[in-house]
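Next, two complexes with chain A in common: one pairs it with chain B, the other with chain C.
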Partner chain A sequence: MKRKSLLAAALCAATALSSPAFAETVLRLDEVAVGELDPAKASDYADSILMFNVYDTLVLPQQGGPGHVPHLASDWSVDGSTYTFNLRDDVTFQSGNPLRAEDVVYSLERSQALGSGLSYLLAGVSAEAVDEHIVVFSLEQPYAPFVASLVRLPIVDKALVEAKKGDDEWGEAFLSANGAGTGAYTVTSHNPQEETVMAKNDGYFLGVSDVAPDTVRLRYGLEAATVRTLIAQGEHDISSQWLPPEVMTALANDGAQLFSETGTGAFYLKMNTTKPPLDDVNCRLALAHAFDYQTAIQMVAITDDVSSGSAATGAIPVGMFGANGPDNVQAQNLEKAAEYLSACAYDPADMNIEVSWIAEVPLEERFALLFQSNLSQLGVQSEIKKLPWALFAEQVSKPENTPHVSQIFVNAVTGDPDTLLYGMYHSSTPGTWQSPEYLNDSQVDAFLDAGRSASTDEEREAAYSGLNARLMEIAPTIYGYDRQSVFAASNRVKAPALSDPSQAFGLDGMGFSFRLMEMVEE
Partner chain B sequence: MSPVLRLLLRRLGISLIVLIGVSMLIFTIARVIPGDPARIALGPNATPEQVANLRAEMHLDEPLVLQYGHFLADVSRGDLGTSLYTNRPVTLDIAQFLPATLELVLIAGIIMVALGLPLGILAARYRGRWPDHLIRIFSLLTVSAPSFVWAVILMLLFAFYLPIFPIAGRISDIYDIDRHTGFLLIDTLLAGNIAAFGDAIRHLILPAVALALSGIGQAARLTRANMVETYDKPYIEMAQAYGFFPSRIARIYAFKPSLIPSLTIIGLDFAAMLGNAFLVEAVFAWPGLSRYGVAVILRKDLNAIMGTVLIIALTFLIVNVIVDLLIAFLNPRIRHSTRAT
Partner chain C sequence: MIRAIRILAANPLSLVGVILVALVVFAAIFAPWIAPFPTHNGAVVDFAFANKPPSARNWMGTDLVGRDLFSRILYAYQISLVLGVVVLAIAAPVGTIFGLLAGYLGGWAEAILMRIVDVFLSIPPLVLAIAMMGVLEPTLTNAMLAVTVMWWPWYARLVYAIARSEREEGYVLAAEVIGAGTAHIAFREILPNCLPAIITKMTLDMGFVIIIASSLSFLGLGVQPPTPDLGSMVAEGARYLPDSWWLTVFPGLAILIAVFGFNLMGDGLREVLGVDE
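The block that comes next holds the complex of A and B.
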């Protein structure tokens, strides 16, 4: 009896002693997918957050505006297809090694050799270190978005990776668990099932403000209910963008602030232009005019002021080269839709439009139902198909298996329209998840090629404006809304890059540069 | 050879055959379900060339039989391949995530047995009276709602409205404990950190109770039913006629024979918790193997699926063998039989 009492007392004491107390500022946020630490394999949102904090790139997107500014580079010059970058001489890696031109060459070659992540952006590019601080890139052919693509070339500490790689040629195992960058945060632990913990790098070449978080915990795979409870209890700071809108709304009603990152992408209903009746442009235009754009935006509204989507003004999201002005907002027009439908070569009574949605994105089911009701207003029958991502990616590889309408979110991975539109519409890239339209249009190809080879911003603007107009004319896609990522956050954190448009980077994940955040007492 | 040893060898032999069968079945199912694992692993931005290269690296462009041959050759070297989900060796993932699930399931199992059996005994002992009715309602409630519902209810009640227990994770961030065994209750004690031990217990209570609740109801219902049946046996009447104390009758003459069928079900429940823990792990952000298993299935991460399923199947078989031995120990007809069943 006495022993039992002692044990109970010990447990009670242990429990009582275990109340945590933080002595440092800790930022806690979450992402659905596990973050990939190896920068050459980074592709999704969680990977980008890690990459932009642990590593640096030669250039950064200009905050609050178009273009790029030097970052690890002090400046650069362009001569045809040759780009010469001068590196800053005051940058050291987290290991203490100085940044040299050969690190840049190594990072490019490593990315190309592994062929993972976004390495395709820099295919056909070679680099040479002409001296310790000058690196020259040569492109096989003109590629106007090259500088924009460099935001996806994080610079790796070659000497450290060479020292740690063992038999592993490119040090994949080492870089999957450790950081080797110049970034403002160092990786202190990485558990793919749980979290990646990062600490402030006091030796960062730009310095890190005292008010920036000392430690950052990027948690993975938290359930919406868990995130909701954690934020409400003050045990979590920033949610992922994947919380259901109603949970975001509930958190906002409880006093949480809402951060947003203006997307460089959109929500699309992509029409298979090879499959009857959508091989007829009039039929596609009828569907495009039947879609209820306004209700779609209301469906992703979180509060009266904040929404995950803004009205599309055409085929190119607002803020990019070639985007239309705000007076071109897409709107439902059933009269015009009926007009186009009557001009369609197919009988509406025989139509049965398959509308697919990705099983992993439940929000898309709501849009499918909305579109189904819009089509029924036109007297067109439709069928909703739920497709797991894996099955969808497989089905779209053949035009005959591709549904009539595929709902997809697409983002420009560099912020440049080329990375958004070339893969969607160029006739050389059909049959991927981005291009279930199977579009084959010589004018579209010409505009896309012109956008790549243009040498000035004005030429690019003209090319993408022409492309925008042509796409609206042939309607391969219904441009649902321009996407915006929204995050619920506690009031312990300030993130100007996620709350002030003049500080925004216009590139997914870069708003989560922790060095620019501020931890405050509530 | 003793009957028990013969039973053990026979069960181990059958387990090995089952394990091989499971590996073949899962290997085939994982490969025939729709979706290209290389495409999923590389993400939406990968080019067709990148996807083709990974497919070749994973031998996915070879016939199924050859692929299984590669798998067996790798397993014989202790290599379960690399997970496309975590980009780490599957063995490392399992070594890291299995202890978290085992710790959770073991504690849940202890709670299930410690509460389920006594409640069953109590209900049978007071059959038809208020304790019996109360326990039967409780059992019905716990059995009828799945674990994740209990997980959310418990979280709301005891972590949100009454913030007594932590919401997520295995231990608070302030404790930096060296993971020698992966079992935090042991590692915190090895570190001599009593506060961290208490914190680990606090983190365990809600997920373990959520996971155990339906098992408690199941064990209580089963134990009650078996004991009620045993109470109707003539030898119990005889014991009562001899004037034995009711507690002695319940404990020795009614409970022991009733335990045999209950034990089988409890054993199966216990092993099934390994696979079923994933929703509880998801709700409480518990970094365990079950949650990992679901994540890798959704991403069609073939190596990780094989590794996880084999480990869960192996644990299931081990628990089954242990249950068989316990039953043999409890049942003299098996223990002393010349032919093991």
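The block that comes next holds the complex of A and C.
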């Protein structure tokens, strides 16, 4: 026995001595498939993680506060609708090519030409390289959130893509399998259904700390029970935010840490305003008052301190322009709901409200059940429909196929209310997964346009407060709760951007900048 | 009857089967009265009791929205049994008619009917059902339809094999000689001799139908929530293993009990009715 423990101690000492020299640190995490590597097609969370690590953008969100700071740019100036950016001259791509203004122009044009992902953010923008390190953007119309939108313009290595593209005009095949950025991590292997492996880029222009992970393995489509077991066994480091709250709670009770990222987004129950009986505003208001907001928030609580939801105060998440104060917290009110229902032109006895939930997000089934029981308290029949994401996205393209109620989680992809609300409510963008309401309201359109073209923060605040009030009045949507993303993680990793509010980016996925993470010996 | 009881008594496993099946049927029929929380078969939520392990209040724990698992399993038996009975009540007669006609008539009728059967049998059963459910809306009726479509050919083959050997028997020839019609011979003379085999197979199949239906709802293609269904309960709970084990273990056991019971009872029946393997 004694010899055994001596031996063990000796072995431990040997490991401790040798680890700093040899240990290659590996960070393992998971996300929902598919991992889209082409930065012009990136749209969801997994894509954003890839994009923010393999590519860089001209600006970055200020950590711990509002506004943006230069990143690939050294500074910028604004003159009306013309933005002039000076680029840093010490940046090289992973290929070794230097970063030039023409790369920025190429990246914008490529994104606009492909027209997928988040390219709509930069529609109506043109760019010109006036010299090797100066690029000028011209906007067709005033667009207040332009600088914020630049966090979704990753800069692509033009020379490399041109060399590798073959007959493929925009090098889509090449960029969907390879990285061509300046980022702190290079792609070593990529299978969009299974795993992307990345390695630290030692030539990164800002340098990468020694404690940042040497290798990152981002796996796709792991089952919740698998992630739960892997983390408990020390074989996984950070879960996706889609792990059910009960599983996160179990992991936290086992000693896992919880990371969080306050995105500016919310959980919505979107009502199809073209389909009877929800084409009647009183009926929509009845449903909005019937929803049990408090229970919904309790359902997503993970521990006493951490929850992935906080009370909504209106149509705009707290922290954004136009958000209401805490005295406007949404709450269930069955009496008011019954009042509105009796004012509705349709007979409640004939109603059968379809409540859909997205098959890939099991949590939504519970919200559907909650809402169904709320509706039955009101004496309204309802029917729960499970829809795989692909089918849902197809059904919402026609108002008559769109369910009465669609549950959606949406985050502002740039942290600006314009990107959250314009696509949802402007009458020019009906029938996308974000806008199954098919809202067509001239006042809402006017507020959205005003918020987009306003030149000062005060004007934007005024426009979005007006929008908020109008949306609460016509109730196209039930605003379930403001959400934040929570991740369960092992104790081998530190991620200040995901645990310290003063280091947080306020932008979805940016907290997963691996260069800012630290691997620690347990 | 006395012989039947004697055989059953000599074979305790069959007796166990009969008891299990009786329990399952009893649970299904009297679910509204036995269930401690009879309202929990529907759209009820009680988040104060969500995801609780088995206790004196909830013998099998509660699900993620706080419904009593024991009550839901009792109600889920109703769905499973109704599905099993309906599927077999359609599949067995359809298959029997196909098999009888093919087996007795022979020739062209045999060739055509049995090739149709072969086409159905050549597709793996669950794949056929999944393909059908992919096209149809996931409802209980469509799930029954999908399972029925994959099930009847097995009866056709069973009855066909018996009918073909019976058609050379003396009593069939005698009936032909006195001028009985085709329908009379097939349904009055041959069919009664196929019945023991059909009944045994139906009992054995009850278990398999329950499993297939559960597999469909495990994949999200069967009965939709909030209606309780054993397969979807297992699927739902699997995400929460190993912490909330009761979510999967009890519905899984419930499937096991039903299937095991019907299989043991089927074996016993086979002996009682004197059907060969």
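Rule of thumb we're sticking to: the second predicted complex is superposed on the first by the 498 of 522 C-alpha atoms of A that agree within 3 Å, B and C clash if a C-alpha of one lies under 4 Å from a C-alpha of the other, contacts with A are read in each partner's own complex, and residues count from 1 in each chain.
Operating definition for what follows: contacts are C-beta pairs under 8 Å (C-beta built on N, C-alpha and C of every residue); 3 or more make two chains touch, one makes a residue touch a chain.
Given the structure is predicted, the values throughout are model-derived calculations rather than measurements.
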item	value
First, second, both or neither for A:176, with chain B first and chain C second	first
Contacts of A:389 with chain B and chain C, given as first, second, both or neither	first
Partner chain in contact with A:365 - chain B first, chain C second, else both or neither	second
Chain C versus chain B, contacts on chain A by residue	B
Partner chain(s) touched by A:376 [first = chain B, second = chain C, both, neither]	second
Chain B versus chain C as contact partner of A:225, first or second or both or neither	both
Touching partner for A:326 - first (chain B), second (chain C), both, neither	neither
Touching partner for A:96 - first (chain B), second (chain C), both, neither	neither
Partner chain(s) touched by A:255 [first = chain B, second = chain C, both, neither]	neither
Contact residues common to both interfaces of chain A (with chain B and with chain C)	223, 225, 229
Residue ranges of chain C in contact with chain A within the complex	43-45, 47, 50-51, 64-65, 138, 220, 224-226, 236, 238-244
List of chain B residues in touch with chain A within their complex	34-37, 39-40, 42-50, 53, 85-88, 93, 96-97, 152, 155-156, 159-160, 163, 167-169, 172-174, 194-199, 201-202, 282-285, 287-288, 291-292, 295, 298, 300
Residues of chain A defined as touching chain B within the complex	10-11, 13-18, 20-22, 26, 34, 36, 38, 41, 43-44, 115-120, 172-173, 176-177, 191-194, 217, 219, 221-223, 225-226, 229-230, 232-233, 235, 360, 388-391, 393-394, 413, 432-434
Residue ranges of chain A in contact with chain C within the complex	223-225, 228-229, 244, 246-247, 250, 295, 298-299, 359, 362, 365-366, 368-370, 372-373, 376, 382, 384-386
